[in-house]
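What follows are several structures.
Note that subunit A is present in both complexes that follow, paired respectively with subunit B and with subunit C.
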Partner chain A sequence: MTALPGSSFVRTQPAPVLPPPALSVGPVGWLRANLFSGPFSSVFTLLAIVAIGWVLPGLIRYLFIDAIWSAPDGEACRAPTAGACWAFVTHKFSYFMYSSYPREAVWRVDLTLLMGAILVTWLLLPRAGAKRVGALLFFVAYPVIAFVLLSGMESLGLPKISTDLWGGVFVSLLVSTVGIVFSLPGGVLLALGRRSRLPMVRMASVIFIEFVRGVPLITVLFMANFMLPLFVPENWTPDRLLRPLVGVSLFASAYMAEVVRGGLQAMPKGQFEGAMALGLGYGRMMRLVVLPQALTKVIPGIVNTFIGLFKDTTLVAIVGIYDFLRTVETARLDPTWAGPTISTTGYIFAAFFYFVFCFGMSRYSQAMERDLSRDRSR
Partner chain B sequence: MSDQSPPAGATAVNPLYDPRVRGFVYQALLVATIAFLGWQAIANALANMRARNIPTNFDFWTKTSGFDINFTLIKYSAVSTYGDAFWVGLLNTLMVAAIGIVLATLLGFIVGVARLSPNWIVAKLALVYVESIRNVPLLLQLLFWYNAVLKPLPGVRDSVVIPGLFGNPFAYLNNRGLVLPEPRVGQGFWLVQLALLLGVLLAVGFALWARRAQRETGDIKPVWTVGVALVIGLPTLAYFALGEPLTLDYPVLRGFNFSGGLRVLPETVALIVGLTIYTASFIAEIVRSGIQSVAKGQSEAAAALGLRAGPMLRLVVIPQAMRVITPPLTNQFLNLTKNSSLAVFIGYPDLVQIFAGTVLNQTGAAVQVIAITMAVYLAISLVTSLAMGVYNRRFTLRER
Partner chain C sequence: MRRLILAAAASAACALFGASSFAGTLDQVKQRGVVACGSNTGLPGFGIPDDKGSWTGLDVDFCRAVAAAVFNDPTKVRFVPLTAKDRFTALQSGEIDILARNGTWTQSREADLGLLFAAVNYYDGQGFLVRKKLNVKSALELNGASICVQQGTTTELNLADFFRSHNMKYEGVVFAAVDEVIKAYDTSRCDAFTTDVSQLYGERIKLVNPDEHVVLPEIISKEPLGPAVRQGDDQWFNIVKWTHFAMINAEELGVAKANVDDKLKSEDPGVRRLLGVEGDFGKGMGLTKDWAYRIVKHVGNYGEAFERNVGEGSRLKIKRGLNALWNNGGIQYAAPIR
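Take a look at the complex of A and B:
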């Protein structure tokens, strides 16, 4: 049927497109959809806004406006209107970093931390090449160099420094790095043991893993501190710092083993069979075929274990190690600085430190996860 | 691990390359190493303990402890034995763990659901809570609650008043702890408890009967309404029939202290608050991922079958989400129980503080004390994982 010529009620041109209703697009639409979509939602939104308005200004005033940024001692921070006492943090900063480590030797700590930071960046940046070299340096060479630098070696002109003087941020990082370096291979070995077809190997792995995972870290540290010296010959007393390091490493290995086992279980059987068909023995099958794939699969889980390990390093204070949190605990009781805001300031600073590290690690693992899933969806 | 058996008639494999022989040798080596190390450790420990005059038996268990504990659930004094001290510590640990688990689960479910809320600001607040709490060590949070929040509170006379339902003071918070109204049990209260027990039994019976009736006739009985009515209604009836045998004894400020009421130590408050807030952030993430793991098609199919929002959640979404949520949730409960050992840092008298702390230092029996402490935690987690195993066998998805 053709349009009737001249008939006024038939359009010859399409109607102009109307703008969308103002209430469903733009800022207003967004507000309606996300904040005021119903009576309950509106009530919650208002409550949340009231709560934020109640907390946030006070927090900002406490942290920034009323805060004392520089002061020679705690006098200014004791004023009733004073907020956070950042002067306390800047004043105690080197104590937080190195505790009682001799001040003329702190360059050794700085150098160790710098090398560690470079190696870690190398390993974490996906674009940096030669990962094998980096891993070898980090897992083998770096621990040796760090040990020599930190504890000293007379023949190199570095005076010995007893671990009794070690403390602060660098000990926290040291404990977590040692835990990481030992827990990854330890966890892989335990996970392989748990999935071994040899019953004795399997049983030993299962007993160790379930035992360590069933008890709190504190009791493992107690055991390392009180029982380790009893288990070794009388004339050999393990170092005060070495004992919690052993405890933390064993503890982290058991948790890592379960993560790695998850990855091994997720491997399709064809990978094992394919490797065997190529004539690879057990060692080469695991090293060349299975583990590279299984470990990549569980990178998020591995990083989560690292985060937990990093937070757990605070517990070594129970056996007398001056980790970062312990130095904060000691510094806040200093009578020169004693005041109503000192404890809070110290804890906020410590919380910020731990948050930056843990949040950074979790963000990194999320990014990795996205990369990997993109890889898998191809 | 190629276990190729030689074809018939072929010469026997060199035993050096026979996987069975190899496996046997490896295991023998492993067992020998473990046995050797264990034997060495025990021999060394015995020699060292004898040399240092450390007791090697459990005689200390029945000896008088000589120290007092400021918070006990059972009768205990300085003349009690070390064994009594152990039970006090164990009960204190279990109490904190039980309260913490209940509160953390409630808070965690609320925050987890809020994370998925279509309301932008509510979801963002929940996200901020989860991320900021999860990434800060629990020990730091406990120290914060104890040293920076509860310790600087005003003294008894200037207590912070927590208002009750009708505006009158309900509880008081000061630097000596939290003072709550104490429930006073009157005469005949056991009848109310009996009524509660009866209500629970009847409700369970009704639910069983309703299930059978539904299987046979297809009729759906109001299980929840009747159950709730029985569990709440029966004790309430008994309570009023007996003339309100349970009253709240409100604390009153007299002179320098409160008379009446129930005083909770600041250590206990800090530990429970810290554990609850920390664990809830993990539970929230578990709940969120559990709910998100239920495929959208499930609720769409339920809607297509004509289910309304309530039954859809109850019968389709939540049962499937719970299957994902329960195992990690149990793990968090175990973590909370194990984390309660951080009590030692703020001085709450839990198992580790009393037993692996004071008792160990006084008796010097390090090996025995630490072994018992570890055995307790191990037993708790083994029992929980056994229960989890039973649950998993019952509820895992059975695919055809």
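Take a look at the complex of A and C:
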């Protein structure tokens, strides 16, 4: 741009850009914006710093610096200065994993867990293709293979292993996987049933849901395990592990049904009418139009139920099944290891295990929500 | 409360279906191929799974002895871990055949719950744990002491009774959970810690320096622990009772796991009857005549089981005390096999 004649006040060059005030950039700026933006937040920040400074050094000392990382038995961990006894965890690790499962056969558990992990990753990773094949493998082939591997089949040269001996992490994962896999379809069916116009279907769903939600899980597990043999001949009593599996699945289904129903009720009427106007029948309307939207809306609720279910699996310990938490509780009593720090170490390890799984589920669901709501967010 | 209701429901169901539905436990056991044994969920020395998940302990060995007598195979036991809450219901409902879970033999448990205690495989009782450096030799020297105890247990009541009847004073330091009690004791918040002796030894090894603490000789309550069965099946009751007696008799006669095969050639009539060389004493119980031989061969005699699980061979190092044989200063006594 050329300057107009006679107008000397027009600048020919842009003014130099001044740096922002020193207090609003860099680490200081970040601190001011995030931690000390006002008197309230300043006070809270200071309190938090004090609290962290008070707890953290002791925690780090206990968990890492004073911790005993390797020892042949509990002797070293009983020293008055000893911190967490990680040697106990490494020593008992196989017990935590498999409980009483015969040690020469644990490769069967490992193989089952590995296959499960691969299939689950396949199904959960949005980028992985051929989802239908994956789903078919996971929901049809995998349960059969897992059952044969875990409980054994003489004709394949795999000795039978009674479910009394199952336990540890793999039983925790088994119970929660079965619960999760059954509860979602079960919950959807029950939710649809509860909103059905057929009175019988509606009544049956309502009664089931309300009954199951009205009774504590512990009571049902207890009844199934200790009262059932009173009424059923011994040969007919179902397997000890199967009973809680069924109980947990039914329970999770009832809770899931209410979550899904919430999603269905949030759907605008126009979606139903639009689908009907297109000439879709009930099944296709639900499958193609209503459920995909309704389920997306309630992902937080669904994952909430899953996380609750995962932690509820510890209740099977009440009926004498050694889930992961129970193996920790038993191992800490072992006279070779028992000591002042052993219980704490065991429970810290258990908390870490449950946290990793629950936090993983929660992060995954948040990613899913972002993915699925991208089309609707502006 | 729920336990009461369940127990009542179970008893009602028992009454409805008749006790006869439980007869023939031995046949059921043989048909099933394993003895279903209710065990503790984890009590060191009595019933606890080891690193590989196989069960060990005095009560566990008792169940293995019954399996050895019935099947000649001590591994044919299915252990059903039970909490204190559901143990009796499990036995009443037939989920288990024997309850070997350090249960105390009391009158009401037999009269009201429909159980029979077959034997006492461990005479327990409440005792005191103190620091060695206090130089206390007897519980009667504990006048004025502060004592850690678990809240709301019979232990707390026994403690009060003991001190009142001896005209002594104490200061109770009570906690809800046993872990808190032992921690308080270890950090010197009290001079003594009281609970059942078997548990005292179990808790002692959790202390920072177990060797600096000693269990006092006085026992202030009676806690006879033993295996229980359902009422209404005398044959099974006999098998369980005589399994214990066979182990006691074996110890008394010097028959042990290591020498049992040599003892088959013994001239001692008592040994010959025990091992089935003379007479057929298993027949009346539906067992073979070498039933006791099988028990000793696979599990050992009572003394061996005791030392291995809770005595000198274990970390608990409980003295035999009351559990020594009757001719050795204790009260373990068995009727003869003849």
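The rule is simple: the second predicted complex is superposed on the first by the 309 of 378 C-alpha atoms of A that agree within 3 Å, B and C clash if a C-alpha of one lies under 4 Å from a C-alpha of the other, contacts with A are read in each partner's own complex, and residues count from 1 in each chain.
Assume contacts are C-beta pairs under 8 Å (C-beta built on N, C-alpha and C of every residue); 3 or more make two chains touch, one makes a residue touch a chain.
Here the structure is a predicted model, which is why all the values come from computation and not from measurement.
A.B. asks: Could you classify subunit B and subunit C on subunit A, in the superposed arrangement, as clash or fit?
C.D. replies: Here subunit B and subunit C cannot both sit on subunit A without a clash.
A.B. asks: Under the stated touch criterion, which partner chain does A:Arg78 make contact with: subunit B (first), subunit C (second), both, or neither?
C.D. replies: The second partner, subunit C, only.
A.B. asks: Quick check on the superposed pair: does A:Ser100 touch subunit B, subunit C, both, or neither? Answer first, second, both or neither.
C.D. replies: So A:Ser100 only meets subunit C here.
A.B. asks: Between subunit B and subunit C, whom does A:Ala87 touch in the aligned arrangement: first, second, both, or neither?
C.D. replies: In the superposed model, A:Ala87 contacts neither subunit B nor subunit C.
A.B. asks: Looking at A:Leu165, would you say it contacts subunit B, subunit C, both, or neither? Reply first, second, both or neither.
C.D. replies: second
A.B. asks: With both complexes overlaid on chain A, does A:Phe359 touch subunit B (first), subunit C (second), both or neither?
C.D. replies: After superposition on chain A, A:Phe359 lies in contact with subunit B alone.
A.B. asks: Where does A:Pro340 make contact in the superposed view: on subunit B (first), on subunit C (second), on both, or on neither?
C.D. replies: Both partners.
A.B. asks: Between subunit B (first) and subunit C (second), which, if any, makes contact with A:Met227: first, second, both or neither?
C.D. replies: Both subunit B and subunit C are touched by A:Met227.
A.B. asks: Check whether A:Leu264 is in contact with subunit B, with subunit C, with both or with neither, and answer first, second, both or neither.
C.D. replies: Once the two structures are laid over each other on A, A:Leu264 reaches no partner at all.
A.B. asks: Would you check which partner chain A:Thr330 touches, where first means subunit B only, second means subunit C only, and both and neither mean what they say?
C.D. replies: second
A.B. asks: Given 147-155, 165-173 or 291-299, which part of subunit B has C-alpha atoms clashing with subunit C after the fit on chain A?
C.D. replies: The stretch that clashes with subunit C is 147-155.
A.B. asks: Just which bits of subunit A does subunit B share with subunit C as contact spots?
C.D. replies: In subunit A, residues 219, 222, 226-227, 229-231, 234, 318, 329, 340, 343 are touched by subunit B and also by subunit C.
A.B. asks: Contact residues on subunit A for subunit C in the complex?
C.D. replies: That would be residues 78-80, 91-92, 94-95, 98-101, 103, 162, 164-165, 167, 219, 222, 225-231, 234, 318-320, 322, 326, 329-330, 333-336, 338-340, 342-343 of subunit A.
A.B. asks: Give the list of subunit C residues in touch with subunit A in this complex.
C.D. replies: Subunit C reaches subunit A through residues 2, 6, 9-10, 13-14, 17, 28, 32, 41-45, 48-54, 78-83, 86, 89-90, 92-95, 179, 183, 186, 202, 205-210, 314-316.
A.B. asks: Quick check: in the complex, which residue numbers of subunit B touch subunit A?
C.D. replies: Subunit B residues touching subunit A: 1-2, 23, 26-27, 30-31, 34, 40-41, 44-45, 47-49, 51, 54, 117-122, 125, 131-132, 134-140, 143-144, 147-148, 151-152, 338-339, 341-342, 344-345, 352, 356, 360, 366-367, 370, 373-374, 377-378, 380-382.
A.B. asks: Name, in rising order, each residue of subunit A that touches subunit B in their complex.
C.D. replies: Touching subunit B from subunit A are residues 33-35, 37, 41, 44-45, 48-49, 52, 197-201, 204, 210-211, 213-219, 222-223, 226-227, 229-234, 276, 281-282, 307, 311-312, 314-315, 317-318, 325, 329, 332, 340, 343-344, 347, 350-351, 354-355, 358-359, 362.
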